[in-house]
């Protein structure tokens, strides 16, 4: 055990996927095998790190032995472990899905291209994500979000189709602008504080340059998180990518910037309630607008993408409770909702991809006009919907419960109403495809019960199942989450 | 707030950097042509770099703080990578729109 | 009494602002790019004035040189497309302008309210410089104190080249441009010299302004010239080697970082005795990767055999 | 010492003057070829004078070598660029003439 | 030695087979039936054992923490036993009926999977040891019943399903808020005999009052209290066994049972009386009783008439709870069982009429008594019981309700019950009249009832069995382990000071 303890599992969570990406880029033909090997190793690192953290509290590594503020410190606390675990869980299953989506059995040059480039891009993305979750330095985070952004854009346009390219360019612009606002904020923070580590900056919170820096970061990260009204780039980008790419983009990539925002909020800036209220209102706008668009859209993947806008908005309600007595509960709820959304949305995109693959289209109105019913994929979609709506015993339910509890403890009933509205909206738009799955009187032929089952249904199904029952493990997740008190000691 | 206007190199370029950032921001939000939008974003990047470099400045004939310099160098490389990807996208879109596949 | 140099700064700052505006205003796309290149060079000059020669070098070489080449190549690709008028007066324009003016004014206000040169890390850097293995503070920060940032920055380049390769593929089929005798002679003379300059910049980085990125950019410029004149055409057969060159910087950097983490040392903690040589090796390899990657980003496509279907158009 | 300083100042001022002349020429001359003429000739000389002035002030032989190298490379690249631009301009002009001729001879 | 996981085992008999049922190929009908019936039979056995142990004074409980401070908690107390016993017995019978009903129909794998899930949810609702756990199963019940309601997959079914979903999910959401509020206010959601709100109600009566309203509104949707009842008649598009289950055991009973839990074990009956909420609740129940009966009068569709009858009859339970008298409570609890037995009989009979004769409307019922005597015998017994004819089950509950009304000093209840019984008679007796005393060729729906298909024993036997149970529950009301006796046992606990 002592030998294991001396290994830097923390740094390895970033390095393992990085070296895997290098190897998979060098040996394109072996990319899936290499990709899985490196994912497995990364998962092992995360597990070992989690064991360390659970046993002995937060792990901190001073890279190069210098220590902040001169050097860079990596840190894994409960919040980091939860995010890393979420990333690995979703990542592993989406990779399984990708194995089929880009399998060598499928014809076509485009598919060959996707098979070659999916793995290096995804492993580089993973490296950036893991790096963001363990970073404690704002400039280091800037570099990480650029790694994430470029890899994410690569994944967005992987299909090579024109609409994906256009959506990717729009995403690129939004993402670059977000990153540059962030960079300007880094500059202002250094101007004020002369250092970049979280702890050092926290001491300067409230000074004018830091306040402007925070405002810029808030906008930049909101842009990357697609928080209403800065969501304009998301639906097309997520809807036009290939299914595994959409799953990663919607499930994981958005969470990284949301996580950074959350981290800054509680650890560095601790802004006043007015900004919290603003973010909460933006979240409310997202819930309404995202839902309305999801109700109107004609395509299944667009519906799923718009639902992301709405769900992210709901999570952001937690920011409005940041300086109330319900803060800790609300933050816990927000993190649970993030995890729930990551798992469920990844499952949903994979399932939507499978449905489109089996039926040959993704028009919502025509889902019931065919005898082709990929029932397993549809079942996975429905299970994922349960979590997104927030019905028990899903993690989405647990998260929503805690969020509403936080709001109630704070006496802020308005956010309870928003959460309820979000739930009703999500029922309304998610029932559109579900009704399509279950309606039979317009199908031309008798509908077969077990039609269109394939081994590729397993990843979405398992993910959706995990999403649907993981609320029962909420208290364990929160137990891990609270290690190192990421949300601070609140009264 | 203390607006003590001692006009030195740092102040001048700090303000200039802010203005360049603002110009870039305006361009990024307002321009429709993608190539020009890329340039507008680059202006933002340079504007932000100005602030970091000014933060490192310690007065005339004084050695500057090396850390922001390192950060800006990193930022420049990151920026060129992002620009290359954006430009490749623009070229690819143009090819596809004009029916050229290669 | 305004110092003459401050007057110079003032004029330079005004020029930078004016040219930045020109980038948005100029109608002609070529002029716009030229304007941007001038903007970059003037910024580099300003940074020299701010005692940041390393950054100025990097900006001139990468931020302006390589980027300018990228922009011109793209413009050539888009030739025939008329550039839309730079700014159309739309309803949103006023709002945008007001918003950006607000941000800028807030930025200026905050900036003026914050003392320059108050806090910083130069003291810590100076204290630990001797232990870092290199004598030039910026290089010490890049390759030792904040080596992880630098590694991830090389990774960003790698991501970019993977992304670009995934978008476009095929070998260039346009005929080589006719450059003439003068150019050929120039290239024969300058290319070897440029290689030497690149190596020199890399080497000098340990003690003075320069380093892997600046050296890499100069070497990349060599690659650009070779590519432009078709002195070198990337072929499908070269892909394997190219992939190796792209990743070798990342791979070696990461491997060294992990490898040194034994015997109680942390990741990235070079043994004191070998710090200098390790940093130099890393820098050398990273320089090669950067140069190759930048050149590949300029070339912009993975060289693959062009299939019949693709050549049809 | 003063002599060297004033000589250096003189050289640099003269160099600046040539630069000014070159720039005015660039702005005022009617076509590409004339502009190139002004630019390369005047700027080359201007740079030479400035380098000379700086060399007079240099502290070591190494610096002088570097200044000479700078001048050499700039002149080389300026000349090559000018040549390329001129070729390009001539090709453009020829193309323009051809189209003009085609237009005129069209019945 | 005590088998403490017994409640979990009972839950598992329904829940555990769900994945199996989903995975079975459509054609493996025999295997599916075997699994279903075995599980149902095991469950009846386990419930019998549990009831025996509980009657001896053992209380089973298992639980684990799900959210900080909040546990998933199953607890088999006497009140729970009442509901579980009903559901497990009726599940067995309905399963047999469903196998017969769906023979050769489409999507049987799906149907039985959700059917089992639905029963599991009901069991969970019955054994929930706190309001939080109750909520979990309450929502699960919604999810599980929706696919059953829309099983036929027609446009009409989907429309009905949508309305059903909107009502029940909105109700669930309101209950969620109520539960959350209770948790924030009281720091616990546990069910405890006598309630736990005494201090809070004393300290902040307004908030306690609002909480009560929210909780009852959330539960009232499933209990089909007016004005939240509209989904119930619409949900009639579901296949007959589903309707039977929905009306007799699962959904409406879950609502009524929840109201019972909230009044008795969250607030406590004495606190509720002090808050002054019982009388309005009783009045709401009274209005629902009359309204449902009036609407039932005008329905020609048999299932719709039965549905409005359910709206009316289920509110007897609420009424009994709200009267705050131990005697009325006995009536309410007994009616929980009795109404289930009566209504399931009638729905299965109605299903048989539709399957065997194609008769779906009252006007087409002429002479069906002679054509399907067994089925109509069961129907008749149940209908008479509903009206309250002694010594049938319905009479027993009405008797206790009326006595309870007097006991509580609410004389109007007698009038209400009389009116309701008259209305019951007014809409049931014409059906019986047509069935037995009018010739088949007369009447408007002669054409509709012309065809005849033989129905198997799996369809004809279940209503007879439940009709027999109606007879027994009424006739042997004072025997040990009869519903009424058990009810007395429960009420003794709930009204303990």
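All chains are identified by letter, namely A, B, C, D and E, in their written order; residue positions are counted from 1 within each chain.
The rule we apply is simple: a contact is a pair of C-beta atoms (placed from the backbone, for glycine too) under 8 Å apart; a residue touches a chain by one contact, two chains touch by 3 or more.
Predicted model, so just to flag it, every value in this text is computed and none were measured.
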Chains in simultaneous contact with subunit C and subunit E: A
Count of contact steps on the shortest path from subunit C to subunit D: 1
Selected interface, B-C versus A-E, where C-beta contact pairs are more numerous: B-C
Central chain of the complex, centres being mean CA coordinates: A
Approximate Å spacing (C-alpha centroids) for the pair subunit D, subunit E: 97
Centroid distance [mean C-alpha coordinates] between subunit D and subunit A, Å: 56
Mean-CA-position distance for subunit B and subunit A (Å): 29
Whole-Å gap separating subunit A and subunit C, where each centre is the average of the chain's CA atoms: 31
Multi-chain contact sites of subunit D, meaning residues that touch two or more partners: none
Numbers and ranges of subunit B residues touching at least 2 other chains: 1, 21, 24-25, 49-51, 54-55, 65, 67-68, 71, 74, 78, 81-82, 85, 89-90, 92
All pairs of touching chains, each written as two labels joined by a dash: A-B, A-C, A-E, B-C, C-D
Subunit A partner contacts - residues on subunit E that touch it in the complex: 22, 25-26, 65-68, 72, 106-107, 109-110, 135-136, 139-140, 142-143, 147, 150, 152-155, 158, 161-162, 165-166, 169-170, 172-173, 176-177, 180-181, 183-184
Subunit A residues within the subunit C interface of the complex: 6, 8, 11-12, 15, 18-19, 21-22, 25-26, 61-66, 69-72, 109, 113, 116-117, 120-121, 124, 127-128, 131, 139-140, 143-144, 146-147, 150-151, 153-154, 157-158, 160, 165, 184, 188, 190-195, 207-209, 211-212
Parts of subunit B lying in touch with subunit C, wherever the complex brings them together: 1-3, 5, 7-16, 18-27, 29-33, 35-36, 38-40, 42-43, 46, 49-51, 53-60, 62-74, 76-85, 87-92, 94-95, 99-102
Residues of subunit A that touch subunit E when the two form their complex: 332, 379, 386, 391-393, 397-398, 401-402, 404-405, 408-409, 416, 420, 423-424, 427, 431, 435, 438-441, 446-447, 449-450, 471-472, 474-475, 478
Residue ranges of subunit B in contact with subunit A within the complex: 1, 21, 24-25, 28, 34, 37, 41, 44-45, 47-52, 54-55, 65, 67-68, 71, 74-75, 78, 81-82, 85-86, 89-90, 92-93, 96-97
